[in-house]
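Structures are listed in the sections that come next.
In the two assemblies presented below, chain A is common to both, partnered first by chain B and then by chain C.
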Partner chain A sequence: MTRIGIPRALLYYQYLPMWKVFFEHLGAEVVISSPTTQAMLTGGSARVVADTCLPVKVFLGHVLSLADECDLIFVPAVRSLEEKVYNCSKFLGLPDMTKAVIPESPPILETDIDISRGKNQLYREIYRLGRHFTRNPLKVKQAGLTAWQAHLDYRELMFDHKLTHIEATEKICGIPAEKPRTAVEDPASARTTIALVGHPYLICDEFINHRLIYRLEQAGNRVLTPEMITTKELESAIIRLTGGAYWTYEEEVVGAGGYFLQNEADGVIGIMAFGCGPDSLMMDTVRRHSARTKGVPFMCLTIEEHTAEAGVITRLEAFTDMIQRKKRRET
Partner chain B sequence: MEAYLGIDVGSVTTKLAALDENDELMAHVYQPTRGQPIEMVQRGLEQIKEQLPADVDICGVATTGSARYLAGVIVNADLVKNEITSHATAALSYFPEVQTVLEIGGQDSKIIIIRDGIVTDFGMNTVCAAGTGSFLDHQALRLNMTIEEFSQRAMDSQSAVRIAGRCTVFAESDMVHKQQVGHKIEDILYGLCQALVRNYINNIALGKEIKSPIAFQGGVAFNQAIVKAFKEELGAEVIVPRHHELMGAIGVALLVHEEMVNNKKSKFTGFQVSEAKYRTSSFECKSCTNLCEIAQISTNGQTLARWGGRCDMWERMPAEETR
Partner chain C sequence: MRISIPHMGNLYIPLKALFQRLDVEFIVPPLTNQRTLSLGVRYSPEGLCIPFKLTLGNLIEVAELGAETLLMPSGYGTCRLGYYARTQEQVLHDLGYDIEMIQLGVSEQKFFGLLKIIKRLSNGASWFDIISAFRFGMRKLNALDRMEKLVQKVRAVETEKGTANRLYDEVISAIDEADSDKVLEMVEEDYSIRLDQVPRDSQDRPLIVGIVGEFYVLLEPFSNFDVERELGKLGVEVRRTTFISEWIKFSLFLNPLGIKEKDRIHKAALPYLKRDIGGDGWESIGEKVLHNKEYDGLVHLAPFTCLPEIMAQNIMPTTRENIPVLTILCDEQTSKTGMLTRLEAFVDLLERKRRGSKCDRKMVAI
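Up next is the complex of A and B:
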């Protein structure tokens, strides 16, 4: 059986159930890298030029960790998911970059997702991917449909039950969430609600975000994330803020920011990687909107490689204090 | 006699403030940290004890500042609070009407926006310490003058020169260049003050609505030239509280007073901690591949606390189990 490695980084969080179902339907075995560790980050950082962003370094570290565990490594290039909406160049060139900096890795199983080239092109791409495993096009079609259904179920589970990507992946694929080692107070008893906005590869990776969700929950907050909100709501928030998306995955930042500044949350924390081009524009849109509308408080955390957590902790404590004292005053 | 003790251990200075039951300042200590937070807390306690009446009863002790957790372990603090909440609390107790607090310390600077007596927004500098007290200290040292002289000389400036304030490295090369082409030193110094203020307004205060009354707290407020530059840049009055350098310590003392209601007993170790011997050490945890650096503090062979891990394995480990 062919073993396909999937790095637990970047788009993993959005699409794992879909990918896993697709490959398993075609008779392959899926191997997922373990949660991010310092060794992975160090390994990934050593391979790239200095300007590369933290999430890509982490991704490459995951690829390195899978090198001896599988026969192929799945690295998709997501070019576009909508016409005239653009993705970061790092996502466009991910397979090529991986091959260039990790020449010793097992062969890279690439795919090009480019919706702007039409549906037929997408179907052709899926067949091309399936051909690695079977010559029977019907089997590939069946795998594709089942995978798409798995994706829809995954999304619905997150909207309906207000689950994070990690919690939903645990339910659907049985991949255990990394549990904090001490029990968190019952989130339902929380006094205040803090919404996180940003890409899942930052919000869900406890290693690079210094256990952000856990810390917020320990401080007595309920935590909401963008995937808990329906696509419709997020899209209408983008239209309200900017008139329409320019960047792929803009709903995770501008959409969620626009939504949470007005609904459900007592405070919003944006999280972005240092040096991220698209996020520097998108996060600023959210910040400006928050200043203009005088909605709930907004704070942006920029994360980089440093291991000293004091800066993050002080900001989180001050932010939590601020909204909890405000709430206490109001009630 | 009741007293509430606030300890603010910053990167550059250590501050202690004792308040009586009416929240009046009874005694205070202000001294450089010199990279030895533990010794400075011990020495500060010794000094403040001498200022306080012999029958004083410490009913609450709290810590703040970047070494708040470490200091909290030494005195067994009843409350450990971040600097933002502490500074805002102190500002509000002196000026209930305050709407903006500017605070510049040794290594970081912050802005706190207050509306109707409650913090509604804040901003902090990022990793870079450009435009904080350490930078001014460094420049004063380079020009071979004390920070007091720096302040006086800058106040004499007639026409300030423009210095790049975005980054301290650029600022320094700009200053050197201006000095080599013959600009007067006071004009360069005041130009630096303006650059620092401009940098603060464009970075930390970006997008924040700065409304009067404005309070300016922290050690850098000693520098009259910076105060003047802030007034000019903001076009508004800037109030410097009498104890601006102690506001963090005062704020956290106020907070612990608030906390210690219903005859709650303080956990304060007592002033004798200034004689105790503390030992800090660190090691690399090898339980997983993260290889976290764990720091620990111990006294008489007993570990008081550990931190620094990505998980809380070491923090939770019973204190008796020393390594």
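Up next is the complex of A and C:
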């Protein structure tokens, strides 16, 4: 049985159930790398120039850790998910870059997801991906449809039960979260509600964000993340803030930021990687919006491999204290 | 209506000519200087690249001078650049300037879209006037780029360093002042001859260094610390395939017809990078592969945190076509002295390499 490696980084959090169902349906075995460790980050960083962003370094570290454990590594190039809305360069060329900097990796299973080029192109691309396992187009189609259904179920689960990506993958795929979440059961008992805004590969990777969710919950706060909001609401928030999306995954930053600054949250924390091109503009849009509306407080945390844990904690404490003071004053 | 556009190299000259012909008041931003950079840095979100900071600085300076309508390139499928106009508009509004920002999406609006914008700006001048003004602007642009190509060659071999640069500065202002096709032609001819006559070292076979990288930093000398002039001082001939006139010619006229100037370059890059990654990353890799026999080395210019160029920088060392590459990241923190030291070391390395390869050949001959 072919073993397909899926690195636990970047788009893993959004799409794992879909990918897993697709490959398993076609008779492959899916191997997932273990949660990020310091060794992975060091290994990934050593391969690329220093300015490369943290998530990509982490991704390469995961690829390195999978190198001996699988026959193929799945690295998709997600180019656009909506017409004329493109992704960051690092996603556009991810398979090429992985190949260039990790020449010893197993063959890379690459696929181009580009909706701007039309639906037929997408179907052809899915078929081409399936061809690695079967020559039967119907079987590929069936696998594709089942995978898509799995993805929809995954999204619905997250909206309905207000789950993070990690919890939902745990429920669906049985991949245990690193540390059990100590969620505040009753929303009313929570001291404050803090919304995290940013890409799942930052919010969900507990190693690179220093267990942000866990820390906030330990302090008695309820934590909300972008995947708990319906796509429709996120999109309408984008239109309100910027007039229309420019980046793929803009909804996770501008959409969620716009939504949480008006609804549900007492404070919003944006989390971005140092040197991230799209986020440097999108976070600024959110920051500017919050400064104009003067309603819900907003803080932006920039993380990179040198971020000190103590620094993050200090800022989190200061932020939550400020919100509580604000709340007390209002009541 | 007073309009303006941020600087990029000599682009202001053809635009000034175009709008003057249409009787539109066009404000040329003050030449990009330290203040422009400081303003841009102060009001930019952190983590943005130098093209954003400098263009924002330009926009703030022209807004101070009273410009009301600002043009800014944009468009999807490029890099962050497509988003700049939106953010810069917000910054300017937050600073209290009452301006209108017009986004020039060259890739999606094509030639007619652009002409329509010009028509709107010129209060409905006749199509004939617009097209003739546009052609005049294009002539100036082409003349400027032809001159620059000549100067790049002369700089490397002139016996008295600085002559070509002096002539180049003169020709820029002469082209700027030319008010008819005839004068323009005369200026061009005159200066071509004068550049040809610059005394040069005929024995010298200069090193050839290709300049590749991100569009804006290639074309805006302030952002790249005048790297081409500095290389010229070191006796190096600079080759560059990116010119505004070429780019406009292709993106406005030939690309819609299916002729792509970059096809050869892209094809060369295919074994290492199969897909367009936005910006000029694909081209940077392709040029390294394509010109490896022709160039002695490459200077790769990129703004700090540029998305496509970081990808290019990561992939470039793995190509089989192995010529030395010096990557220079441009940012407000970069120091010119540091860059000069690196350039000198790089040129020394190329010279040694060339001498070395000559010695090898001799030994084979014996």
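The rule is simple: the second predicted complex is superposed on the first by the 321 of 331 C-alpha atoms of A that agree within 3 Å, B and C clash if a C-alpha of one lies under 4 Å from a C-alpha of the other, contacts with A are read in each partner's own complex, and residues count from 1 in each chain.
Criterion: a contact is a pair of C-beta atoms (placed from the backbone, for glycine too) under 8 Å apart; a residue touches a chain by one contact, two chains touch by 3 or more.
Being a predicted model, the structure only gives us computed values, none of them experimental.
Trainee: Overlaying the two complexes on chain A, which is it for chain B and chain C: clash or fit?
Mentor: fit
Trainee: Thinking of the overlay built on chain A, is A:318 touched by chain B (first), by chain C (second), by both, or by neither?
Mentor: In the superposed model, A:318 contacts chain B only, not chain C.
Trainee: After the superposition, just quote the angle formed at chain A by chain B and chain C, using C-alpha centres and rounding to the nearest 10°.
Mentor: 80
Trainee: With the two structures laid over each other on chain A, which partner does A:283 touch: chain B (first), chain C (second), both, or neither?
Mentor: second
Trainee: Which of the two partners, first being chain B and second being chain C, lies in contact with A:79: first, second, both, or neither?
Mentor: Second partner only.
Trainee: Is A:275 touching anything from chain B or chain C once the two structures are fitted on A? First, second, both or neither.
Mentor: Second partner only.
Trainee: With both structures superposed, pick whichever of chain B and chain C touches the larger number of chain A residues.
Mentor: C
Trainee: Once chain A of both complexes is superposed, is A:306 in touch with chain B (first), chain C (second), both, or neither?
Mentor: first
Trainee: After superposition on the shared chain, which partner residues are touched by A:120: those of chain B (first), chain C (second), both, or neither?
Mentor: Touch status of A:120: no partner.
Trainee: Is A:331 in contact with chain B, with chain C, with both, or with neither (first, second, both, neither)?
Mentor: Touch partners of A:331: none, neither chain B nor chain C.
Trainee: Which of the two partners, first being chain B and second being chain C, lies in contact with A:242: first, second, both, or neither?
Mentor: Touch status of A:242: second partner only.
Trainee: Nearest approach of chain B to chain C by C-alpha atoms in the superposition, in Å, rounded to an integer.
Mentor: 5
Trainee: Let me check the overlay on chain A: which residues of chain A are in contact with chain B and also with chain C?
Mentor: 287-288, 302
Trainee: Could you list, by residue number, the parts of chain A that touch chain C in their complex?
Mentor: My answer: residues 48-49, 51-52, 77, 79, 84-86, 88-90, 92-93, 95-97, 100-101, 103, 112, 116, 242-243, 246-247, 274-281, 283-285, 287-288, 302.
Trainee: Please name which positions on chain A make contact with chain B in the complex.
Mentor: Touching chain B: residues 37-39, 180-182, 207, 210-211, 287-288, 291, 297, 299, 302, 304, 306-307, 310-311, 314-315, 317-319, 321-322, 325-326, 329 of chain A.
Trainee: For chain C, which residues are in contact with chain A within the complex?
Mentor: Those in contact with chain A are residues 45-48, 76-77, 79-80, 82-84, 86-87, 90, 94, 272-279, 281, 304-308, 310-311, 313-315, 318, 327, 329.
Trainee: Under the touch definition given earlier, write down the residues of chain B that touch chain A in their complex.
Mentor: For chain B paired with chain A, touching residues are 66, 81-85, 118-122, 124, 126-127, 207-209, 288-293, 310-313, 316.
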